[in-house]
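What follows is a set of structures to go through.
One chain, chain A, appears in both complexes that follow, with chain B as partner in the first and chain C in the second.
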Partner chain A sequence: MLNREKNFKPDHGKWICGRCHVPLEQLKVQALYLQGAFDVTLPRCPKCGMTLVPESLATGKMVEAEGLLEDK
Partner chain B sequence: MHATQSLCPVCLRRLEAAYEEDGDGAVYLTRTCPQHGRFSALVWPARDAVPSLCSFDQWHVVKTPSYPERPQTGTDKGCPYDCGLCPSHAQHTCHGLLELTLACNLACPLCYADAGGQAPPPDPSRETVSGQLKRLLEASGRCNVQFSGGEPTLRADLPDLVREAKALGFPLVQVNTNGVLLGRDPELAQRLAEAGLDSVYLQWDSLDPERLAVLRGTRVPNLLELKERAVEHCARAGLGVVFVATVVAGVNETELGDLLRDAVRRGPVVRGLHVQPASFFGRSPCGLMSSRRFTLAHVMQAFCDQAPEWVHGTDFHPPHCEHSLCSFNAVYARVGSGLKSEREGMDKAMGGGMAVAAAEGSRIAKAYTARLWARPSQDAGRGDGAGADCCGEGPQDAFSQFLVARSADRRFTLSGMAFQDALSVDVERLRGCCIHIVRPDGRLVPFCCQNMTSIAGHALYPGRLDPAHDLAPDRSGDAPV
Partner chain C sequence: MSLPLYGTEAFREACGETLRPGGLELTRYGLDLMAEAGLAQGGLVFDAGCGTGASARELSGKGFGAVGIDWHPGQLDAGSPGGPFHLVQGDFMRLPFKDSVFDGALAECTLSLAPDLAVALAGIARVLKPGGLLLVQDLVLRTNRPQPVPDAGAASPYLARGGSCLAGALTLADWGLALADAGFDVLHREDVSHALALFMAKLVWYDLADELSWLLPKSADRGAGACAPCANEVRKRYGYGLFLARKRH
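Let's turn to the complex of A and B:
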């Protein structure tokens, strides 16, 4: 498991949780995929835990890591 | 065990066929031609011959078919006589192969394309190749591209063709070569790299000059030395190299462990070792009927026996793109001067035994090959984690650290592919093929269909560089060759 974290803020704008109507906060979350676990800080609703994965992360490093965890 | 269809190796007519197991667990593909009799080919060896491997039954991935979005031929005579692809083809293109020439600077006793003869047909023109690339893109999207032949480096416009393929957006562009010109001309690798070439698929059969001569002839006496120089030139140019060994029982099957150790020793420029048990089509030093069948399972067991320090039977898995009997794959991490398997957890990654959609298998295989066979990055070998911090924003996040630790540069693939000849051909495998040769007229023909020849040498799809040639003759009925 890797635990050196980095803050991934939204690509733009201020985000509000659609369900709880409170602003998202930068909170530590653990992303799990197959046998990989990644501790990162992401925009998250402090009430319900809904997490935003910024597009740049989802289509960038996250997809690269996902590819490396998959095999032919 | 399992019913399928095959061909008569004499007349290439389609026949009902079956996989049959004998008392020792060896599996054979058998069928009977009403005119030429019964034929049988070993597909999986007896249990005691492959003690490190799973059984034939377990070597299997279930796939739901994915049909061509834009078929270029109709379904008329039935598989394998309608290739182009027809609407019944069950897998997308993973690799599109373009044969740029049938000229060659070697005259290998073993050559699937029967290239390097005294009077090869004219090379397809630049315009023809451009048309083929565009047709491939229309039919198959952004798959991986391999320029093949003959010897494609003999074409002076090869860098231009590479540039054109990259400009069309194909993610991995590879050249399949014997390495002679790459070894002789130190600038060629650089020119190809500048054009955007990602990977060199380098014929690499033996480290012993005498064995090499059996497979590759003696036209170039210092062949091994030139190949080694080619690797150096590719490394300098930043190109990824995949070593490709054709294995013939009785010639080089005892050398697989040494080939693996040698490939690893040469460092990250060598992205993997890919082994192809010889198939009997085109030109071959051994007869189709008389040769000992060396199957994929034999190859995997040979690695377990000859490189036990790194390779174990559980490292290998069947493919998720092509048919299970067409290939195997294993991924290792380069650790120190050796290898460590990265198999753990991969079953789960691919659905844990669930049926895989062929389209998803194809997507993953394309991305996998593009990632692991391409040029090593500038950061290859760096262990400080700085390589992945593209943004230069200070401390590494967990994703970046992972990307460095598991980067493609530190991985090594050990893979193999068993092509089908007229004795081992299974129509179901042909229908699931993802490696398609783009003919000059733009039709896509599965690799083994394009290369298939009968015992007497008649091709299923003749006139490989002739744009005007007819489709495969009708052998679906009772008319033998």
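Let's turn to the complex of A and C:
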């Protein structure tokens, strides 16, 4: 089963941008790492673009992908 | 019969229209190397195992005469139509071309699929002019890594010769020897394993790596979360190499 639409919501709670004081929205972004571009939908401030990377993503799939890109 | 690895939906999703790691970016890099080695614009170049014809289009766009050959009609049909280049349905083990007509050839992750590498290289050498250039990108075995698990080979059609490029992977040194035996001088060899790493990372990111679960030992946990170890197995055992070789006069 293909899963091109990666949508990661906050692990818990409702998040508000500390700078713009508006709720984060689920928006498409590209995560870039070592020449790799990975499409993903993440909580993002619609005004300033600040993006939240949920802990579950940072310590899960993101670590897995980064580990593959780092030649060890 | 099972689909070859490149025929799986996951592989197409991860690789895009080129059906191989590196994409057109690596093709362009290789073409620059060929130009530096003397391939003149307007030269006639063929792509052995052209898939959907992406590289033939790239060649044509750069001013080369381009011919692509692929045995699988589905691959050719999947390509975007049109363009001043030719796509031919045929077997690159028996190239339907006259002797010494091409200035250059591409074999991008396809020689490892050949049932007999020596025969494939001899055929390419036959249709190249003396001094003609061959660009090869393909899977390499990392000699300092464990070889594929025999059980996995028995269980999977992908590790049978011709089932996937993994089955035809050679060490960098053995690729060089095969080219030399076929009458080529290797001008350039380069480890471009970052292309394979990026491909594997995309498989994991998009939850597609379970397509490769056959690489895991049978006793391994293939449940949820098994995709990353799978991809790591491939990543550690295999790399990706690029070679530029010239047919001897």
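One rule holds for everything that comes next: the second predicted complex is superposed on the first by the 69 of 72 C-alpha atoms of A that agree within 3 Å, B and C clash if a C-alpha of one lies under 4 Å from a C-alpha of the other, contacts with A are read in each partner's own complex, and residues count from 1 in each chain.
Just so we're on the same page, contacts are C-beta pairs under 8 Å (C-beta built on N, C-alpha and C of every residue); 3 or more make two chains touch, one makes a residue touch a chain.
The structure displayed is predicted, hence computed values, not measured ones.
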Should the pairing of chain B and chain C on chain A count as a clash or a fit in the superposition? clash
Between chain B and chain C, whom does A:36 touch in the aligned arrangement: first, second, both, or neither? both
According to the stated criteria, A:8 is in contact with first (chain B), second (chain C), both, or neither; which is it? first
Going by the contact rule set out at the top, does A:61 touch chain B (first), chain C (second), both, or neither? both
What is the contact status of A:69 with respect to chain B (first) and chain C (second): first, second, both, or neither? both
For chain A, which side has the bigger count of touched residues, chain B or chain C? B
After superposition on chain A, which segment of chain B among 93-101, 381-389 or 453-461 overlaps with chain C? 381-389
Would you tell me the residues on chain A in contact with chain B in one complex that are also in contact with chain C in the other? 2-4, 6, 34-36, 38, 61, 64-65, 67-69, 71
Under the definition above, what is the set of chain A residues touching chain B in their complex? 2-6, 8, 34-36, 38-40, 57, 61-62, 64-65, 67-72
Taking the touch rule as given, give the residues of chain B at its contact with chain A in the complex, in rising order. 317, 319-321, 329, 331, 342, 344-346, 348-350, 364-365, 367-369, 371, 388, 393, 395-403, 406-408, 415
Going by the contact rule set out above, which residues of chain C touch chain A in the complex? 9-10, 13, 193-194, 197-198, 200-202, 204-208, 227-228, 231-232, 235
Over in the complex, which chain A residues touch chain C? Could you list them? 1-4, 6, 34-36, 38, 61, 64-69, 71
